[in-house]
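Look at the two complexes coming up: chain A is in both, with chain B in one and chain C in the other.
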Partner chain A sequence: MPFATDDSNMLDDWLVAGPATSLAGTSEQQPHVTRLLGETLALWTDAHGTPQCRLGTQPLVVQSRYGYLWVCPSGHPARPLFAFPEYTEPGRRTVDCGGIGVAVSGLRVIENFLDMAHFPFVHTDYLGKVPHTEVAPYKVDIDPATNEIWATDCRFWQPRASAAHDSGADVLYKYRVMQPLSAMLYKSSARPGAQDAIALFLQPIDDEHVIAHTMLACFDEVSTDAELIAFQQTIFGQDKPILENHAFKRMPLEGRAETPTRGDTSSVTYRRWLRERGMRFGTRAAA
Partner chain B sequence: MTTMLKLYDYPLSGNCFKVRQLLAWLGVAYEAVPVDFYPGREHKSAAFLANVNPLGQLPVIDDDGFVLRDAQAILVYLASRHDAQHRWYPDDAKLRGQVAMWLAAADEITRTASAARLHDALGYHLDIDACRSGARAVFRVLDDHLAEQASAGLRWLAAAPEPTIADLACFPYVALAGEGGISLDEFPALRNWVWDFRHLPGFIGMSGIFPAGPA
Partner chain C sequence: MVARRPWEIHTMNTDPAPYDMPRWHPVARSADLRPGANIVAGFAEGQELALWRSADGTAQAWDNRCPHRSVRFTLGQVVEDRLACAYHGWQYAAGSGQCVSIPAHPAMQAPRNVCAKVFGAVDAAGMLWVNLVAQDTSAAPPSLADAVPAGWHFCRTLTLRADAQKVRDALAQHGFATDAAAGAFRGALEEVRTIALVLDAQPQLTFVHLWTEASPGSDAMKTLRAAARNLRSAIETQG
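Here is the complex of A and B:
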């Protein structure tokens, strides 16, 4: 394999390779070019409207789902792409909030996405505010049918939970990890009783670089796309310097380099889940 | 009847930050009009080019029908209009000359350090090595100047006791340089200046630049 890793967790899975809209106006002669696992891929739409992908002269398997392109580097996916039923659920708006480059292992980005304890300190006046710092106990399970991680019964007081909120609210969260580099969160919507979905799909450039793609599937009839995107990018832009300033760009899975606390149940489960599948890409060998 | 000042705004833009920060310091209320700069490229859309800014850039303000583009020009306008003490844009020939000189340097910082960040964070296809080396060249000039100022007992770019719009114009893309893969380690005077600026009362910060905590 020509790719920068031989970790089957990456090679035999569907990896996001950018938004489907990047194929507009492309052809085999004028493809869209993007990076994946240390290589440069050419992507285009053929005469039948089907996405195609090549690495050098070698064709790669690609599909277009949920507004993004998904490539299986080995051509032998170990499982189908996960379900994202909210993407097509009637009444929801889907908004591509753009892909943002982050200079850190993607595993760090997913772990940060699952963490509520940082809200008051990093997302002050949006997703949290001192002294509302307590992470109440929540449940973490692994769905035996899909092997996805689910964190449920999460609750956090937020001054401004979304573009549609203009005052503080106790917000309910659910988190879901579908792949080592793909996660979703579901949080109380501005529509009473409903939950908005926010998908985070990481395109692995190499062990220490990703492009973080965010897709909203929300109930919001008031905000403009620009307002929804501005909100998501404001939040993600606050996380970015924290992520990029980790002492270790890669995630240590073994040893005691980093010590979790009780609020970190999601992180503990995620790291164990990665260890059990023998994750090496984006990880740091034990000292 | 006058309408509230409108700012065509993008949260991750350092150039828009300059305007948000000055408006906050001057206590001027405004309405932010979010522009889908990325991924939508709304600032290059036909409607934006025709109605807001033919150069396809942010920020732009609309002050009761007076439309002005260019971050540095907007700083000059807002300070001239709303800062009766002339603190941000001092009413002195030499200081104004110095301020204008550093406002031009701010454009050079946008062309280099901001471009490097657009490459790394938003995937722009640019010559990243040229962006970074250009940024280091202009940072070297700033760092040397600030070190000289310090030896004369001065902390800011112009020879004024308080920061001016020159500091504000140069600040964000220096503070965000790390997001373009440019370290400030070799620019100690510049790092001190960033620290001092972040600790000014009323500093609002933006994504990527945290406001300083309570002292």
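Here is the complex of A and C:
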């Protein structure tokens, strides 16, 4: 394979290659160009409106789902793309919040996405505030039908929980990891009893670089798209300098290089889940 | 020619180079670290350091990495005699590096095995010196205090894209001589008397702290600054 890794966890899965809107006005002669696993892909829509993809002269399998383009590098996907029912659920707004480059292993970005303990320190006055620092016990399970990780019963005190909230509240969260580089979170929304969904899809450029694409599927009827995007980008902008300052850009899955604590159950489960599937891409070899 | 140094007793050093020894590295100017305030990034032999002072002024040189998730300590903040990581607010005690607070679990005592890696650090002659091997600061040779004469002034720190050995060789070629004080080079640039403290930061990166008897703002100081730039160009462009 010409790609920068031979890890089947990457080659035999559906990897996001940017928003579907990037194909507007493209043709085989004037394709959209993007990076994936160390290679440059050409993407365009043909005369039937079907997305096409090529690496050099070699055609690659591509599909357009959930507002994004998904490429399977080997052409032999081990499983279908995960379900994202909220994307088409009536009453929800979907908002593409853009792609942001991050110079770190994507595994670090997903782990950060699953983590509540950093809210008071990294997202001060937005998603948390000292002294409300405690992470209460929550449940983490792996769904045997889909092999997805679910963290449930998560709750955290937040001073300003979303663009629609302007006062402090205990916010309920659920997290879901569908692929090594794709995760969702569900949190209390403006509509009682319903939860907003925020999807994080990472486009792997190489072992130490990703483009992080964020998609909202929410019930907010007050905020403008610009306000929702600005809030997400503010939050992500607070995480980015932390993520890019891991002394090890790649994530250690084994050994004692890093020490978790009780509230890191999601992170510990995610690392074990990656280890059990033999993940090598974006990982640091044990010292 | 070379005075016997206490830290050489345990080594079987046959290399005639006087600076090949368990080294106290001049990592930063002492005045750049304020008690209980800032954190400075440092380097020595490829080791990244977080340099800071506890509220009582004691110098700290730590591996620049939180044991929890490896985020650099230099993004964090000093809280009295503790260093707090920017990511999750875990706090570590000056001196031992022992974790003393995990805010996610306020009622839980931090486990003893969570500890920052701590290196030996001492202030001497206006510089902070770090030893990557010895944590015990009492092992620091008294001669460090003689590295820069009293009353001399700091000029600048020169950053060179070159290995430290190449920089030392170049200083020797410019007539600089090392004395007993941990590899301080004494000499002159454009006839301005100068001491150059060489820091082996990492491969292809060397810092040279320049001290001089010239007064701040004097013509001699300006001459030295220009000479230092020329020296850097000469070293970086040669072979």
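Basically, the second predicted complex is superposed on the first by the 287 of 287 C-alpha atoms of A that agree within 3 Å, B and C clash if a C-alpha of one lies under 4 Å from a C-alpha of the other, contacts with A are read in each partner's own complex, and residues count from 1 in each chain.
In this section, a residue touches a chain if its C-beta (ideal position, glycine included) is under 8 Å from a C-beta of that chain, and two chains touch if they have at least 3 such contacts.
As the structure is a prediction and not an experimental result, all values here were calculated from the model.
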Combined model on chain A where chain B meets chain C, clash or fit: fit
Which of chain B and chain C A:P19 touches, first, second, both or neither: first
First (chain B), second (chain C), both or neither touched by A:G263: second
First, second, both or neither for A:I142, with chain B first and chain C second: neither
First (chain B), second (chain C), both or neither touched by A:G101: first
First, second, both or neither for A:A4, with chain B first and chain C second: neither
Partner chain in contact with A:T224 - chain B first, chain C second, else both or neither: first
Inter-chain angle, chain B to chain C through the CA centre of chain A, in degrees rounded to a multiple of 10: 50
Partner chain in contact with A:P241 - chain B first, chain C second, else both or neither: both
Minimum distance between Cα atoms of chain B and chain C in the superposition (Å): 6
Footprint overlap on chain A, where chain B in one structure and chain C in the other make contact: 241
Chain A residues touching chain B - in the complex, by the definition given at the top: 19, 96-103, 211, 224-227, 229-230, 233-238, 240-241, 244
For the chain C and chain A complex, residues of the former touching the latter: 48, 64-65, 67-72, 74-75, 86-89, 102-106, 108, 111, 113-114
Chain C partner contacts - residues on chain A that touch it in the complex: 111, 117-118, 120-122, 130-131, 133-135, 241-242, 245-248, 252, 257-263
Complex contact set, residues of chain B against chain A: 9-12, 34-36, 38-40, 42, 120-123, 178-179, 181, 206-208, 210
